[in-house]
């Protein structure tokens, strides 16, 4: 059942060969200077099997800015402590709103649609801050521990740049505060949120950290972070809400729970089998990595591991 | 691997026992008189295994108005002929819009979000009409053939009532026509759409008809309706868009591709394994059967067959 | 107090001289073929004094398609019979919605924002049809009588073209019917609406017909169509809602109650003094005549007759 | 032409007698504690004639929180310095949006609809701050000077309370900053905005300060604040946008340019004749004083001074 590492290696090499023309396509994120200078021609992909082995191609040990992929880990840490309680403060439905969340947030009285849009992730970070007094630290610690790589770290330049250019996220935070949906001071929550998004990790690190969701909640050391049901549920939310306004498209093409970030990374889960991380900085119009989606599409086509 | 019929029988009986308190909860659809008079205390559930055997509990041979469940079959028939061409006229993203589709339809210039909201299903029916000259007949024929039950039929009272109370769907149709997204006269498309929704079938019939999607596109007679990829993709759309504004919730609780109707029916697919149909007329605030969702939730909890 | 005709003549000639560079600017309405072929370089302006005398420049006896200017007369006729009752079916607030009315209509459950957006005018026509059994005839009769010109007439080519291209208005009508806000069959109301919009009249005709509103409700023969208060109130609605999404801009520049049409006509009221009609087919991005607005702007600057 | 003070006195007494049953109706503003404790049974009305005389009834020298009425003065001061330049940063159209401005602000990329909704007034204050380095001081100085009352002052309790409960306005400010529509730091602009809104003045003070707009731009000392055209234009914006989502209704009933505040005050202008201030704390569902609107309605009915 478990493919040998050599099989994974051949598989990833074939994927890379097949999607090579897509690498470099799309536009690099330009909302903050620290991201806009990244070379778009980079690509990496890594698979971590539930047995703990990891295989990769491309720059798979090169750290990049994981950005919104961090939202999965923050959510998992909150659900681990709080169980279902977080769902009174954030929904679980796709946002379906191309021009983004303020409209919906207003209509729905400060309750964000789901934990993977910015407003929802700010709520998650707010809660993680209440639970741990160090939201960004908790997210970093989880990534370091699961990847076994103490070199996973914040990027202070990116974090600082986000704070400086973060007026829109500040608007979201204050708007939710005006509806009573913020436990900590907005400026403090935003700081933790921006630092958490600034974490740099490699595809190999991300795939290993994602294994907890592929292993139905069990961490690398065998301890349990999430119940099996909660792990499944986080996977369900990744599938319906994990790739911005393109969740339907991603489900249609790739057919796996996945969470993308504007740094060009995507983490996808094959429940019971493996976690896959891919990175390539060129983004499509909805903010997902062009080569990354293509690689995951090819990966499920070759393996037949779509959940459908 | 294939459970014996006896196992399915025990499983369904346990599900029924566990969710019995939910039966009768919720409100029966009241937008047309013909549906509002249905007894809410009815319940049925049937599983069709990919080997073609079918097992049921409750009123599982009792026909009911399948309503929007018919949209899955219409879509499958269009994709079977047209492949990916339909996606230039209708999207594949969740609608995410609690007060429904006109707002979105306006913003997106007459292109409905997905084929399972009313506007999108009207586009699908329009295309099926162009392809077959008898959209409602094509849908009925598919259901009769796959279920092996020639008694599956339209309900002229329901169809007539829909036509009479269908001003909102007429508005959708004319609005799309104003954007050039209608091939046939609006009134003719609407008539086929309403008749197609009026089809009466039992849980047993629906589960058998759903098998094509569980069998990756193969019909009961072994012929191929859809490619394996197209069948997976329709399952993906069912998961992200199949239960109105509660698709995220359904994925979270049930974890299967599913399509619901306001008659109280739901068809769910366990890819590679079986199709499950459930029926109970009491609806929650988003139009999905209360006892139906509870039964599917219990079903995946007991079997572990969530796709996540 | 009443300027001599000669003074009006000099005034209008000065206006025409001052705004001449604006004539021909903008785009002719192109939603129906019958309007898109009009020569954009035409211009006419006429002032009807409350003493009944009329003065004009340019092609001021040339009939043109009055389009939405007809909505003022339909509203006046409904208020004349029904008083305030119509306001339970249509609001009196500016729509403020650049991409038009369906969104708002949905949010506000089928009650259009005001009687001058299409949805609101369809409601007015529906009511006029209930009151008179011939809505389009009632509007035409009023225009013929007040202008003293039996040549004012429908344009069957324009009316037919509107019916053929009227899918969007059909969508509005069916949507309101779905909310119970339609007294007559949608298709019949739409026909009357399109014919009423197709009326051809000249600036001279329109200015004379507008006098009823300048004379606080009194018709040409001295009989009373509206109470003084109702006439003032229709003027107020013209000022806040009469020029599509540019009502604020029109109030800011011109400072008079006015109603525009996509045929390039505008009727403006100087309460207690005169009615002014202007026509030039080139439209700005909001559907108002470029040269028409410029002429009215110049007119109130020269006379100081802005209501502010 | 100018009524004697005795005539104004009789007029106001008649208005007060006629609308007395309305006093105490509605709900007092409750968004900040400092306002919610006001006695709703208070009423005052004052008329300042363009000759500078002032007449009042009720508690017409009692100061109250002028709140959004201050936006008129801030706008006038900005236009006095900047002329039309401000209109590149804020529109002049009614907002027409019952659930307020964030939706529109998002759709229109951070450009508020008009200077009288909160977002627009924050832009005006930002500009006034750039022009004067003391926006709140400039507004207070104008009110003190025109009213001849050095006792007009800020209310530090109200200002502090607004700052504390101002998360929603902070959201608006940060959102506009994210679109580059803020010249000064958001927190500094908000502080000036909240202090400016906290000004306490009486009906007599407000009516005298409003005279500049009734006198086509001339201040009490004969100097010119605004050109005649700019004064007319501010009146036009008051009429189309001055009373929140009820501008159409206010134009329909009262027919005067007016600006209301949630403290229960309304300032109305009769161009060329007088300024009228009214105050009663009970608000209708749209935030306008119930007795205040009724009094102005009665005032224009008795005088015939509606602009229509």
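A, B, C and D label the chains in the order they appear, each numbered from 1.
In the analysis below, a residue touches a chain if its C-beta (ideal position, glycine included) is under 8 Å from a C-beta of that chain, and two chains touch if they have at least 3 such contacts.
Just so it is clear, the structure is predicted and the values come from calculations on it, not from any experiment.
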item	value
Most remote chain, CA-based centroid, reference being subunit D	B
Subunit C against subunit B, contact positions shared by both copies (same if over half, else different)	same
Inter-chain centre distance, subunit A versus subunit C - centres from mean C-alpha coordinates, in Å	55
Subunit B and subunit C: spacing of chain centres that average the CA atoms, whole Å	48
Rounded Å distance, subunit A centre to subunit B centre (Cα mean)	32
Overlap residues in subunit D, where contacts from two or more other chains coincide	107
Complex contacts: residues of subunit A adjacent to subunit B	91-98, 104, 107-108, 113-114, 229, 231-233, 235-237, 239-241, 245-249, 251-252, 255, 257, 271, 301, 306-308
Touch list for subunit D against partner subunit A, complex	99-100, 102-103, 105-107, 167-168, 170-175, 177-178, 186
